[in-house]
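There are structures below to look over.
Two complexes follow with chain A in common, the first pairing it with chain B and the second with chain C.
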Partner chain A sequence: MEAKVKQIGKPLTPSLHTALRRWRPYLWGLLFLLPEIIIFSVFQWKPIVMSIYYSMTNVDVIHGNSFVGFENYRRVFEDDAILIAVKNTLYYVFLGLVIGFWVPSVAALALSELRWFRGTARLIVYLPNIVPAVVLYGMWKWLYDPIGPVNQFLGWLSIEPVRWLTDKMWAMASIVFMSTWQHFGATTLIYLAAILGVPKDLYEAAEIDGARVWHRIIYITLPSIKMIFLLMFVMQFISTSQSYEAHLAMTDGGPNNATLTYMLHVVKNGFYKFDFGKASAMGVLMFVVLTSLSVALYRLQRKEDHA
Partner chain B sequence: MALAACLSLILVLTGCSTEETPGANQSPEPGTASDKPVETDKTQQKITLTIPYPKPDKEAERKAADDKMKRFKEKYPNVEFKTSDWLYSEGGAATLAVKMAANEAPSYYNTYATEAKVLTEKGYAADITEFMNKYEYADQFNRSLFDIFKIDDKVYAVPTDGYVMSIGVNAKLFKEKNVPLPPLDWTWNELLEAAKKVNDPAKGIAGFAVAAKTNAAGWNFTNFLYQSGEFVEAVQDGKATATFNSEAAATAMKFYRNLRWDANVLPGDWNLANPDLSALYKQGRLGIILHAGSLNTAINDGGMSPDDVRIYPLPSIEKGKPNYAITGGNYFVINPKISKEEQEMAFNYIVFDFFQDSGIAAEEKTVQERQANNQMHIPSSIMYYEQNSEYGQKVQAMYDKYPGVVYKYDPAFLSSFSTNAMPEPPFYAQDFYAEMTNIIQEVFTDKNADYRKLLADAQQKFQADFLDKIE
Partner chain C sequence: MDSRERGMISNQDLRNPIVRVVYTVMVAALAGLTVTMIYPFLTTIFNAFKSKRDIFTFPPKLLPQEWVWTNFTEGWEFISFGKYFLNTMYIFGGTMFFSILFIGMASFSLAHLSIPYRKGFTLFFMCTLLIPGSTYMIPNYLNLKELGLINTYWALWLPAAANAFWILLLKNFFDELNKELFEAARIDGASELRCFLQLAIPLSMPIVSTLFIFGFTYVWNEWFWTGILLSDADKYPIATAVYKYVISGENNSIGVNVQFGVLTIVMLPPLLVFILLQKQIIRGVNLSGVKG
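Moving on, here comes the complex of A and B:
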């Protein structure tokens, strides 16, 4: 006991002292990081690990869980709707890129070239982003109504009304139009921040050399923000591939699964059929795919940085 | 992955475990003093019940719940109440498992006949046979409702009220268009013709609508399938076989096809669930609606006059053929994760007013609340008691005191609507509905959809994925 007291009372050894001194500059930083580490551990990382565990489990909240190995994965691959959901998700991602990807960049370029009312224009562009989802879906259902404003407008142009949400050809595109309108404001601001970060002297020099607006955009702006394009491309790919809320609210995956996305299928399995094991397995598979994409992006970015 | 992580997060945070709730299903150790039957005064038990409490906008229902809790406490003074705003019927179904895992589900919750299979299979409903056997009025329940939640001779729910699928007709619209109302013993063709006459797509008015979204689409369709002469599944030598790839199903599907493509009487945006149909109906944009709750939708939600809306039984395929209609209802299910004592007290609370004068008094208060709010009280067409029982007559006598406030069903409708009430398919009804929903959506989307092939494929899949797995 006495020896123990002596040991505790011993002054710090020089090596520990040195280590503490070395860490001191980082102490405050680490302390500030601590809440985030805790929050991420509890709300992000642990759920990810638990998802993997649940994907190999028959989740039964009443009688208790049981380990089932890869049974949930086998059921996922035997599910006919999976292939449809994957195809639909890729189609949605593709449409999102074709219809929606260029919209915020064009809006940002236009905003950056504005001489007046830039602040007001930024606010207007961002407004759709703050419309509550319930209002948004209600509004777009009204717009897409068979006798709604969009079809009335088409009628004035002597174009046959379109069954936006019940025609298999249009249903997914209709959701993309809506989502683009909803989200383009936030992305526009990111592009705008990147554009405004391009050194002004480049533009001044170009103007002195007689460059017009198009020249400035093509030869200065676009090359300067190409990494943002790449980042936004991947971010949009990841977010659209996980999309399901709009599909659930607008069409519930119909007509005949034409808008059933992978994540909507996960939700239906988890929360409608209470099949949490299979839903977790589907989530893990998605995790693998998206992680691979993220790693690919990281490598691409690093290669670009070294170039 | 975000969603999967979220899903796990919910399960993790709610402590998804197999741990028993303290007191749950505990049996005393043999040889201890507690294995001797001890007569305890159940009215003096200290128990906390968590009851589902109506949302703030349901003033009349809240007052009724407050009143019931007060009266219950007079008999059971040591029972404490907590209220829960989680309601299965109002978006809560999707989070039931989470609530159960977190031990946050109320002591009992309301549900529907359609959920009987999934809730009992997943173990989300307590076996209440023991309480029901002790209940003195157990034999007076309306059997058609009671038996829906009776599985393998075990009782899992207390019925409150029910319905037989019916059709709402916007009589005002018919009058405006000078279209005579169809007869009550109508046929598919008469329905179609009536729908065509009030149909006005240019003004956004549809002649007729059925649910075409979610499993409700398959559920609606099953009525027509029954009328056409097919019952989805058959059991022979202990084996369940799907039977819906039949001429009858093809006939019903052809009728659906006609609604969409030949008669074109469905709403332009036909991919609608029941709440969407209700919204159209109360806006006056639907002539005829397949909806068991059409009266409440039109009168109390839509402010329509009771004279402007009619309720019809489902049609038959031909005159004289049975107009089968699916029956369903509302039930109270007890949380299986609470202790036996709590379960019994929850059961006592649920049936506290059943078959009692206090139940009639509580119902009368609800009627008076409706009257004060200039609304109509629309009693369910089927109650937990038999309408012609002594208790049923007493309730009716109370209703008769409020002419113009309590909706009076047309006797001709009442005499015809429930004659051919049918239960839902016995095995995997929701999965069958999901299969049918896909076919219906395909038929509504593609004029040339080969519904016979779709039915054949669906039957094969349904048999292999579900029925063949029944042990």
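Moving on, here comes the complex of A and C:
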């Protein structure tokens, strides 16, 4: 592009000349955009578009790819593990919401009422977020050990020890506890900011009018953070439905597929069995579900911004 | 107490015995929560100081009976911390260089330069925020393979610059910068490149430093994707190395106490960053609340 501009002084065909003059003011703007446009095209849009192509291809790195139509999709639906994976994913999302959703909101409410050490408590609640994933796994494998600290604590309460990671009943819940421990602090801080943003005069006025503390929470605090609640709900849904790393590291999908999530199944099909076609088809199916959800989230956000 | 400082509960309420009981329970619950937050850190760190015999005593004790320092030196050697740390920093450096340069230029263009179809370009970037990354993980891998970037750091550096969320953050920050400032610089003969490098970037240090924290956290954490893309074990970042050699148990030649030594070492840099930069980090959390 620069080379072309340098030629302006030389005689050019009139049409090219006017075209260049028309684009001249945009030169720097477009030049600055160009690298990012290339990066986005090559590393984001191309794989996104290509996922449809790969989902209909038998990907063979050695003998070359061949078009197979909907064969990959048929194999996805005939896979017995897929139903288990979908069920497990929904169960994980459900547990994540049951355990992980109320904790941050209650913690934020409590923190906002703390009169001393609020800053310190805020930092401590956030602290688990900074633990690198691999350290988290090592840490919790130890805590969950059959004779580890968690079972020891249960022993004090005279509760039978639980085989956290190897019991089909508990394996998924164990992973939910672990990731709730790590992530709820960040959500708490977001709620906390919203709660502290509620004008204090409202409470003052309500109190003068005789509203109880409980009523103030229900009628003033909760309505003011309703939108954040909804946003966090959808965001948590989208992020937990995609999880696989903790499941891979903690239990490798076991025991007996009890923690095999949908994305872990994709990863195993793709990177362990090298069945890239089927894995891509699974990705496209996931894409349809999650993208409609995130479009819904976007609408919500827009609504909040306008409110 | 200043009336502006009050929350839902006023001093008046606290004279009510029921409210007082509930408040006390709440504070106690928060104290319990705090202990739950801190305890796993303490076990990890104290286990790293235990001797081999000490770590397997039943029931497990939090504090070591005798303090052993060699777990750290052994762990450091075992995981070749120096080598993998340098790899991680190399990945981090490249990631930040390409991200800040390309994302910064694009954001600067969207905020302060005249371009046609501004809305179209913005959509071209921002639409990707709505598409969850893991759904095209496999094609992403095949694409990088086709480009011949597998087992090179380019496969990590360049895609990192395709980050719409960072464009959003930087562009929003640039939008707040005074237009007249750039006009004045242009009149004085500064090129757009100079406006960007010597005005926009230095003035945006608050957001750039937040992005550096995001980038560091990401690079220090990421173990799975890097392990897939880099087939040569000598190129691993520290997280992948720890996963392969300590967590997944491919190599169990070290004791549990030494494993905790490794974990403690790996946890320290983010902890240090957190202690030094807590204000920026907390601000970053609230920024990521707007992310889809």
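Assume the second predicted complex is superposed on the first by the 242 of 307 C-alpha atoms of A that agree within 3 Å, B and C clash if a C-alpha of one lies under 4 Å from a C-alpha of the other, contacts with A are read in each partner's own complex, and residues count from 1 in each chain.
Please note the rule applied: contacts are C-beta pairs under 8 Å (C-beta built on N, C-alpha and C of every residue); 3 or more make two chains touch, one makes a residue touch a chain.
The structure presented is a predicted model; accordingly, all values stated were derived computationally and were not measured.
Asker: So, does A:Val295 touch the first partner chain B, the second partner chain C, both, or neither?
Answerer: A:Val295 contacts chain C only, not chain B.
Asker: For A:Thr166 in the superposed arrangement: first (chain B), second (chain C), both or neither?
Answerer: First partner only.
Asker: With the two complexes superposed on chain A, say which partner A:Phe287 touches: chain B (first), chain C (second), both, or neither.
Answerer: Both partners.
Asker: Go through the superposed model and pick first if A:Ile62 touches only chain B, second if only chain C, both, or neither.
Answerer: In the superposed model, A:Ile62 contacts chain B only, not chain C.
Asker: Once chain A of both complexes is superposed, is A:Asn257 in touch with chain B (first), chain C (second), both, or neither?
Answerer: A:Asn257 contacts chain B only, not chain C.
Asker: Using the touch definition from the top, say if A:Leu95 reaches chain B (first), chain C (second), both or neither.
Answerer: neither
Asker: State whether A:Ala249 touches chain B only (first), chain C only (second), both chains, or neither.
Answerer: In the superposed model, A:Ala249 contacts chain C only, not chain B.
Asker: Check whether chain B or chain C contacts more residues of chain A in the superposed model.
Answerer: Answer, by number of touched residues of chain A: C.
Asker: According to the stated criteria, A:Ile130 is in contact with first (chain B), second (chain C), both, or neither; which is it?
Answerer: In the superposition, A:Ile130 contacts chain C only.
Asker: Quick one: classify A:Ile175 as touching chain B (first), chain C (second), both or neither.
Answerer: The answer is neither, since A:Ile175 touches no partner chain.
Asker: Determine where on chain A the residues touched by chain B overlap those touched by chain C, and list them.
Answerer: On chain A, the overlap between the chain B and chain C contacts is residues 43-44, 46-48, 50-51, 54, 59, 61, 141, 147, 242, 244, 263, 266-267, 270-271, 276, 279-280, 283-284, 286-287, 290-291.
Asker: Quick one: in the complex, what on chain A touches chain B?
Answerer: Residue list for chain A touching chain B: 43-44, 46-48, 50-51, 54, 59-65, 80, 141, 144-147, 161, 163-168, 242, 244, 251-252, 254-258, 263, 266-267, 270-274, 276, 279-280, 282-284, 286-287, 290-291.
Asker: For a test of understanding, state which residues of chain A touch chain C in their complex under the given definition.
Answerer: Per the touch definition, chain A meets chain C at residues 25-26, 28-30, 32-33, 35-37, 39-40, 42-48, 50-51, 54, 59, 61, 107, 110-114, 121-135, 137-143, 147-149, 152, 155, 181, 185-186, 189-190, 193, 200, 203-204, 207, 213, 216-217, 220-221, 228, 231, 235, 238, 242, 244-245, 248-249, 263, 266-267, 270-271, 276, 279-280, 283-284, 286-287, 290-291, 294-295, 297-298, 301.
Asker: Which residues of chain C touch chain A in the complex?
Answerer: 3-10, 12-13, 19, 22-23, 26-27, 29-30, 33-34, 36-41, 43-44, 47, 58-60, 101-103, 105-106, 108-110, 113-116, 121, 124-125, 128-132, 134-143, 145, 147, 158-159, 161-162, 167, 192, 196, 217, 220-221, 223-224, 228, 239, 242-243, 246-248, 256, 259-260, 263, 266-267, 270-271, 273-274, 278, 281-282, 285-286, 288-292
Asker: Taking the complex as given, what residues does chain B use to touch chain A?
Answerer: That would be residues 1-9, 11-12, 16-18, 94-97, 100-101, 118, 122-124, 201-204, 212-214, 267-271, 273, 336-337, 437-439, 441-442, 444-446, 461 of chain B.
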